[in-house]
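Shared between the two complexes below is subunit A, which has subunit B as its partner in the first and subunit C in the second.
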Partner chain A sequence: MHSTPALSSKAALPAEEAPPLLKAEDLHVHFRTGAGIVRAVNGIDFTVRAKETLGLVGESGSGKTITSLSLLRLVPRPAEIAGGRIHFNGRDLMTLSEREMQAVRGKHIAMVFQNPAYSLNPILSVGDQLSEIYVWHEKVSRQAAFDRVAELFNLVGITDAKTRLRQFPHELSGGIKQRVCIARALLCNPALILADEPTTNLDVTIQSQILDLLDRLKHRFGTSMVLVTHDMGVVARMADRIAVMYAGRMCEIADARTIFHNPQHPYTRALLTSLPRVDRRYSETPGERLPVIGGRPPNLAAPPSGCPFHDRCVEAEPACQAFVPQMTEIGPGHAVSCLRRGSAGIPVQ
Partner chain B sequence: MLGLSLIVFVVVVAVAAPLLAPYDPNDQSAMLNFGARAAPSLLHPFGTDRMGFDVLSRVIYGAPTALAVGLGAMLVASVIGVVIGGLSGYIGGLSDELMMRFTEFFLVIPVFIVILAVVRLFGIIVVGTWAERIPHINLMTIIVLLGLFGWPPIARITRAEFLRLKQMEFVEAARCIGATRRDIVVRHILPNAMPSLVVIIAIGIGGAILAEAMVSFLGFGDPKAVSWGQLLYFNYESLKVAPWASIAPSMAIFITVLGFNLLADGLSDAFNPRLKQ
Partner chain C sequence: MTLHGRDTAGAADEILRVDNLCKLYPVLRRGVFRSRQTGTIRAVDGVSFSVRRGETLGLVGESGCGKTTTARAILHLIEPTSGSVHLGSTDISEVFREGDRPRVLAARRQLQYIFQDPYLSLNPRWTIAQTLTEPLRVHGQLPPDQWNKRVVELLELVGLEAYHAWRYPHEFSGGQRQRVGIARALAVEPDVVICDEPVSSLDVSVRAQILNLLADLQASLGLTYLYISHDLSSVRFISTRVAVMYLGQIVEIADVDTLFERPRHHYTYALLKAIPVPDPDADIGDTVLKGEVPSAMNVPSGCRFHPRCPAALPICAKVVPELKQSSGANHAVACHNPRSDTAIVRNSTGAIA
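Here is the complex of A and B:
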């Protein structure tokens, strides 16, 4: 009974018409440091529709991990969510009490972490630590919880689930540990999974298996997913829509095909052209270098004025320093924040 | 392993004291036969002391006292230390700062003087009141005081472990999965801090036994309890005439404290996964 995934809870509408499962509005996350306020997430909006995978890409420090953690209201100190609304299943998560939030975490929104080696408690057997969560959320008996965990172990491709339940994390390989973590995320059949670089710490063959697994389970259970990564290859394979972040702001959101074939924001374009290609040779001679984005990532304690990308942007014009571009829809489901693409701008005070 | 065997030996002796001891520890009858300060013989394997007690029986009956002091004092110290250190490390910020300064304040107090003073004062205060009738009230005072002054190292280790563990990804993962704060601390952080805690507590037990021996040696011990330190206090004056009466309790203290220190050493190795084959 509890083991049957509740597929029926999500309406079988085409993705376009379905109401968004999650809608973040004007989300701000600040780090209060000695050097002043660092705006790690600076007013971003996005939606996650039912059953879709949203790829959240950007370079290190662009705020993508913090964004995903803020959806659970779990930003690490000294960060704090400074404003915004997170509508999820008809509720604003920002208005919930801590206790109500605990009931959401793991049950309705679950997370898969970057490093499976560190995200399991080393001194509890995997069966114990997973069944505990299930008992807590679903108020079932320990035995029922163990059965549920064993069932999920089978689903995520862990053979000999009964034996594995009694094993400790250090007895498992990296790939198996990540499967355990995925099983943990799926335990309560959540509506949304946040996957923060789920394959970064795995070797290539295992990466591929884990991505396949996530995709298969997502379709099977009708779960939505936010996939945080800096790997364009991974989003190309997994994401239905892609959101590109830079310096705590959203640059561009569009469906995956548009991002790859018709990118509009100069940063998105630069990201894509700096991907190495299999069918090209690279060397140190000027014409054959791998294209890179000039300059360095912005210091978020003292961000550039106006568009945060203007000092590295090949298309920058004087106005880019004076106006902060706003996300503006330029095509169906395609929004971009760039003055050169016709985005509205707010003058810098 | 040696540490563990020593401890097991002491514990067995303590538990089986009434069966093992050849005489009642308070039996001074040897004195009646001018048998005080008798050299070791078949009748009295460790000899008799200045007061006519059988040394072996006194040493055997000293074992439960020593263990009670060591375990009792460390129980008190662990509870205080883990609570203060845990809160300090988990909450952090200003409360951490305040609690750690408080801990340091306890570290700089000359503990020994305070214990002697309090034991003495308390011994005087209880005379003639109902508290006097509580068995071993003096010994319990010493135990509690050793605990009250023994917690700072435990608090510091606990704090350090909590600071380290609360940053660990599995703790964050537990939080993301909806674990309550109580779950996080009790199920995830504290058990992972246990290896370091057990080691420092094992060392602390040895320390507490030694401290009680010192207090008793200075004559501030519980007159009604049989304690190794007190045996030394009774007999150090006849060290030249009846050395056995001092050597036997000294060896007992040595074995027990060594046992706990070796045990701590062994435990820290046992908890270190790198040293497992």
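Here is the complex of A and C:
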């Protein structure tokens, strides 16, 4: 349907006119469980433009991590990609062989995982495991690969790179491990980095350092990024556009300013207002309570019918149970799936 | 030594007082025949504070700063190396050390604990009713024929329903499990509840529910909280006063608004500035704090923060700063060269300018 021309990565076109770097269409990921099929990702579409950061926001179970993993076709068993197309660099990643896919992973699309401790091999020195990747993709000598890793260590702010290369993950602090993982993602100059909660396990002061680093690297190399997070503060700082997910579906997608200053989906609004703020004096109003989202996160094995958010939504009307709202554009680059905002709905069978 | 760092909250209504609490772990090098101590980890090193009846003292700091160790040492879940803890007029550290069961139980009845992870802190093989009757059985306050009534009361208190009593923890969501954890802590009608990161493992949409519940329970039952967290926004919401810990010591303690608006310790300021503000127009500027927290095995000399401090003076490497009253009342800071006592400036987005 779309024939995306091969990407010239440093195209100077304005973001809107440039062809998207990545376009996911009607993505479905299913878990086959004893209790039936769990639709962890249930028909979502989005694009990632060159040089932009797309924030993927949602709670646990919203499908944000599975979405990012499915872009690399790395969804863990018993999950499987049940449908959809992923256009990247003029190819549909879904049609590639496993061998071809391996050549994409780490070279064109790289990943930074949530827990750096689990995503590094504990029995190889960090220099060994990173250079191995570079040797495999770029077919260079081991020495050249080590030099490249050392160069990246300097770039990501790891001092004394030569010593660090010989160290094992357990000898490094959490912050340094995450820097190693970022260096690993940058090894082959990928066009796109998928970062899944890259700072969730880190302390705020270290988080701030890592976000600074990601920001700097993004600008320097013009890398696009998909940033998966549940932290509205982190996404506000990093993302150009934000997609909000709930129960495997997309609620709202827009540029970051619109999401924060003019959110339309009731879930987006509730997410933004339910957080306590560090710059508010709560002591002056002792009886004050935080606005809450009632109910509890949906059970994906038996999701609510219609709009998955309707049972927790303050604006729900009977139609919300009977129709599944579809993502509908309501402003330039701003799409929302909510019947109350004029989205189209498909009747529930 | 004894009184260094005591903050002087009004002594009259103080309910919990911690004096010079220390927890040191020996670092051993194991040999074939014997082990040799090669170092000491100073997890909690001379922490003193007091909590007034009905207030919430927030205890904040980064991982490894000793906030959880402090909480557990207060309850004697970890035996403190030294220091004392007074609950009302009783020295409970003494009570726990002597181990006289009726007195230990009496102390534990007054001082309960809510754990961070509601997935790990409930027995998976017990129904919620069993979990909630266990404290009633241990403390023997209520005759057994009233236990069921009490369980239902407790469930309703935390916003659950009576029929939940017959379910098992795996049937609940994280937020509901944390409600059970809260109900269990309240079963014996404690005066003081230590909340150790009670919302950190919960989803964003459920966090506000639990924070509101804690605030409601405090208002209706007159509870006193020691609220431990690394999440400064929830601390701002729930606390009356806040203490900031760094490497096993309290570096600053003040009323919540004073601490968030006029912090005097450079570490407190750096922490506040590092919080990402939920507004894309926020200009955060540069990260103030470079480097990482040093190991608690090799604490820096003098002020433990001096190697990372932007305002360190030569004296900071030599002399340990005492936690002493700053200009404002109820504001104590341990710093040789504190920030001036002016409000930090936030722009319209809420970011620190």
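The rule is simple: the second predicted complex is superposed on the first by the 332 of 349 C-alpha atoms of A that agree within 3 Å, B and C clash if a C-alpha of one lies under 4 Å from a C-alpha of the other, contacts with A are read in each partner's own complex, and residues count from 1 in each chain.
Everything that follows uses one rule, which is that a residue touches a chain if its C-beta (ideal position, glycine included) is under 8 Å from a C-beta of that chain, and two chains touch if they have at least 3 such contacts.
Just so it is clear, the model here is predicted, and its values are computed rather than measured.
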Fit-or-clash call for subunit B and subunit C when the two complexes are aligned on subunit A: fit
First, second, both or neither for A:K139, with subunit B first and subunit C second: neither
Inter-chain angle, subunit B to subunit C through the CA centre of subunit A, in degrees rounded to a multiple of 10: 80
Contacts of A:D231 with subunit B and subunit C, given as first, second, both or neither: second
Which of subunit B and subunit C A:A110 touches, first, second, both or neither: first
Chain touching more of subunit A, residue-wise (subunit B, subunit C): C
Touching partner for A:S274 - first (subunit B), second (subunit C), both, neither: second
Per-pair minimum CA distance [subunit C against subunit B, superposed on A] in Å: 5
Subunit B residues touching subunit A - in the complex, by the definition given at the top: 92, 168-170, 172-180, 183, 187-188, 191-192, 273
Sites on subunit C touched by subunit A in the complex: 62-63, 173, 175-176, 203-209, 211-212, 215-216, 219, 230, 232-234, 236-238, 240, 255-257, 260, 270-282, 284, 286-287, 289-290, 292-293, 346, 350
Subunit A to subunit B touching residues, read off their complex: 69, 72, 74, 76-77, 102-107, 110-111, 113, 115, 118-124, 132-133, 136-137, 170, 181, 184-185
Subunit A residues within the subunit C interface of the complex: 59-60, 173, 175-176, 203-209, 211-212, 230-234, 236-237, 239, 256-257, 260, 270-272, 274-283, 286-287, 289-294, 296-297, 312
